[in-house]
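Chain nomenclature is as follows: A, B, C and D, assigned in order of appearance, with residue numbering initiated at 1 for each chain independently.
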């Protein structure tokens, strides 16, 4: 019963997010980038549903466009981290021996780095643009994917159907691709959903620290960061983007839960 | 006769959510000091019925009707607190899985003392003394050390003894044993059950043994109760039920017990298909930082020949090296010495493609040997990948035919988790045989299945072997199954073959003491001795 | 977590104990003025191991022969007057009478010679020594003291920048200090200067105190810049080291601090509404503008650069970004400078039609122009966003690239950019203002304007001392500057200072450093 | 035991060395250098050269690295370039703030999450279970810095109970210091409760299904004792590992929360020094964070046998 509730709410929130992002491509109440200095810092009104920011830009339109950018960044980063992490994780888990030890040593060293700051450094080197952000965050999250994939591969290697595949005469590589990988995807899928949330958070955090997707393209992160100085005089500026991030995260986490329950039935019912 | 210790009247247990009926209108009684067996296959509701007595139904199940009178007290009327007062001193329970029946984070002594401290007003020294006595009573070598040690330091058999001791410490009037020895090998099984019976007799405790193994019922129980899909099929004196069962299902259960079939000698003589000389397999010890522990040799100099189409059974307790021998002969494990010849060619070192393609392995656990992400049809078809000249059309036809032969026609599109244990084992066999191998190693192929299904799968295996003529190395600790299937029998202990001979020589005229002990421990139906005398003998 | 017993946390972010300070202010009979630095001073040796904070504190303790006035012109300080002779190569200073050092000694020409000898000694590592080397403005031939009240300095060539260099605060105003400031082994001890304050206690990383110097002989004319009268009305000034600007604001609001300088524009918004705070907003010398790389394949075409200049409305940008604390200015010379003549006020007037025409002429097809900006200075970032939006209106496609300040500086020093929103620090002399922009790009890649004639005019402006001639040179350079459009100057910054309402007599000036003489705490 | 400790510490040396090398290289890879930042736009080459020589930045990089490592061995983390203070005391002071907030928050979160997870697992799929899981997921979904902003708005600006900005060290004034770190701790606690509750619940479900729990009940042990003595110790092990992981990361400085609450913690120090290209401080911070991460993991492993005797520290 709980699983269905998770899927329903989670699905609805994600649909809302993707819908807004798609709609924003064609229509937004105002041009999100047009500056209207006379309408600076206006509270939510019938004209501007969510008010205007310090440059007089319409917050609602920026939030809608921000949905698109944030989703694209999160999706591409997760794909990069999962792809890289799976390949490295599989080799480490399957090949064992020295390669495994070296990969894990580097992996642990990277994990010891505070993720956000690793991303910060990479972004400064590569330059603060979407591509830089995706590369930076992808690099920051690959180690956790490597750790999960390696752990899963190690447990699957012991299963009898891998030995059966050997008995049939399949080569080691074939066994890995045909049998190990598909079964390792389940835990990675669950990790990917939560990672989607982490990336959204990281993008906002980076904007807070002064780097992040460059303006004027709005993302929820840089809108939230920009609202900090006006917290007292224009409180609504920080409510809208923050709420969007929270709802998206809630959607992602709920979907992640239902995915995990479906893959591991024991957790769902008693 | 005083009122029975336990009277269960029209008990009904349902699944909380789906409302499915697990135990349907079951009534039975257990006299004081009596030994009753509850028999049934998985899904028959025997465990649910037993746990209802303790009021400890697993989550999701609930008592929907009926009355349970324990020591003349209607359990329904008891408050949770008074119900807890019964658990331990009045009714005790022993469980199936030794590995998880003791709390790993608490010392053995602490867990044993827990029950005593709850129910009796005695000081710590007295509790300790009683625990040590009981540990000695269950033949544990060093009670003092065991008292302070942790569960993970003991083998399955030892843990079962500790659990038995901690339950019997409270001198319960009724002991419920839920498949206490299923996870143990035959020798340990015999020791633990004898201990249980002895302890029960010391304190006049009546025992309710839940099992699917009719051999144990015949040896220990005075009365038996047969359950199927939650209903009582038959109940009465053990000897009467086993020798002259009234109901068809009971008869089917009795017949499922493997028994010595006609000795169809299939050995054609001539050159053996597979021959092994002085085979040795050693496991490296645990890798310490700078040195390695001393290695353990699992297989220590084995000579064995298997003729074309012949079935050689390998029997022995756990740790005797029989599984390692099977894996080594298929070259799935590195060998430390000795030689393996297949059709006259030495395959020990070089990776012989022909040997690999014409030898197969059937695993014990149906849940772990099939890839959960592949459909059943794809699993059976996978070995045909290495048969180049087959077109996809021919391949599909061959897979369909194979499924037909193992009795699972039309199930090609299903996923493994949608099938029962028995069906999955048939798929594993189909996968092994679809490429018509010359040599099949079957590692405990049926021991994980229920009795009736075991019989069906064994019959299927014999039919396919007769039809395809493959040689088979049949590894099992279940002598009954071996007796039905084997041409020749090999007995292994500590990595060596202690005795070898035809099936009749081994079963009728065992020479080696270990073989005799194995045969004695095997709970084969023994119609000669009276059930009651034997149980209490 | 064991707390460290003697906590002298380097950051002393706790405003050296906000609460502690608050009590102290009330209790002592002495009047105390508490202000803030965003980092500890580097040393007390004027003009050697120093940074902006160090200069600000030391300016209260030591004085030079001459000093800058409010409008950055040069006024007398320890020198009563001076005459220029020998074709502008010899400067003869007549010293003031009865000027006392902090140790009570009276200043004589001998002390001036001793001080000059110390600054010119390479071992001292004086920051402005390079100005008097071969690559500098001139070399000092000889310094002599014909009598105890006169000092004559002879240069090897005439230069208009000699006095401004002596007065430069980052050169420690070429301070005249007493021999006792140095130990017998020649190592620096503490500044024994002639300033209105003496050095008090310096608790590394926490605070620096300066105490009133009773024996100070103040000048007569009213306070102007670092010159004029310096009457001290408080007993002690404490400079607390508080790196975190928000923590400093909290200190002011909670009454633990009296004065905090260099506020940011968003801070302004918050403090405007507070009744217990008064704001001092004065135009500053910093220069914010949009730089173009004239060697860039696209931007080397002046028509495109001009089109951008004509597409923006400088007044609107300045008003939005600086919230009315600054006025638009397209000239390289700051608004407050005496040389900012009527000619300098002609800049760019927004003309969308003309801009579009120029773009068509130049064959601009919307190729992206990358403009670097940073988030460290919010007014630079906001200007970039506004310029980008206005340029968009005429079809110019500017893409912003946000870098952190250090990365932008690196790109600026190497000239590796198409366009950049940038801020220059204060230059006290008009020639220096042009010198920071103009120069040969081959040898000085950071320079924006590579126009040989302009460089020749600049060199002349540094040589001649005659104001009228220099003004003509600057006006001509300004006309060419507007014509070449190597960059668009937008505005000069503003120094925003917030003070408790009971502080009276404080006034900012063009140079972004505080002056606590003439300030009272009620 | 000591042998194990020595071995574990020895094993961390390669990781820390790897971190040191990568940090040293990464910092120099970033465009811009401290001298440029200090001189600003009036950077004439002569002065820049002189300053660079003074700071030893003109030597070949490997030499600088050797020099840094040599001093590091003696415990000297070098001096900051911007305000030439000794790096280690600077880091320790800033770490003091981050550590107090993180330790208190994680401890509070654990004390709430573990029992909540246990009860939710015990009454699985009941209304209580749904609300606990729902609440945890909600807390997990709220971005920490937004939560911080909201708390600041509510308690700081509207209710004026707590200060909006600034920080006072404990050494100066205990009560005033607590008022400054109350909100950051509350923010961090709420976020961590979400994470730890889900893990505690999953672990408890796993344990509740094992037979020794039913065995304990069969001995007549009351339910609360079953949970306390049998379920909790075994369920706590995976949660404890997660706590170790979380602590390891958070102690590295919660830069974002420190930014929202203007706390001069370790995270803030690292970010500011990266922007100022203050190499010694950046290297010191990152190495210190890595050491903390390693030490915390070691402590977590050492405490493991307390819950799970099977794990022997041999």
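By our rule, contacts are C-beta pairs under 8 Å (C-beta built on N, C-alpha and C of every residue); 3 or more make two chains touch, one makes a residue touch a chain.
Computed from a predicted model, the values in this text were never measured in an experiment.
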| item | value |
| --- | --- |
| Between the pairs B-D and A-C, the one where more C-beta pairs touch | B-D |
| Per-chain Cα centre nearest the global Cα centre, belonging to chain | D |
| Cα-centroid distance, chain B relative to chain C, in whole angstrom | 89 |
| Distance from the mean Cα position of chain B to that of chain A, given in whole angstrom | 48 |
| Centre-of-Cα separation between chain C and chain A, whole angstrom | 46 |
| Multi-partner residues of chain B (each touching 2 or more other chains) | 58-59 |
| Where chain A touches two or more other chains, by residue | 124, 210, 232, 269-270 |
| Where chain D touches two or more other chains at once, by residue number | 30-31, 124, 274-275 |
| All touching chain pairs, where touch follows the definition stated at the start | A-B, A-C, A-D, B-D, C-D |
| Chain D residues touching chain A - in the complex, by the definition given at the top | 14-15, 18-19, 22, 26-27, 29-31, 124-125, 130, 133, 137-138, 140-146, 149-150, 152-153, 157, 202, 205, 209, 248-249, 252-253, 255-256, 259-260, 267, 270-271, 274-275, 286, 289-290, 293-294 |
| Chain C-touching residues of chain A, taken from the complex the two chains share | 33-35, 37, 40, 54-55, 124, 127-129, 210-212, 214-216, 229-230, 232-233 |
| Contact footprint of chain B on chain D as seen in their complex | 7, 124, 210-212, 214-222, 229-230, 233-234, 307-310 |
| For the chain B and chain A complex, residues of the former touching the latter | 17, 58-60, 330, 332, 353, 356-357, 359-361, 363, 365, 368-373, 382-383, 385-386, 428, 431 |
| List of chain B residues in touch with chain D within their complex | 54, 56, 58-59, 84-89, 92-93, 95-97, 100-106, 114-115, 118-119, 150, 152, 163, 166-167, 170, 289 |
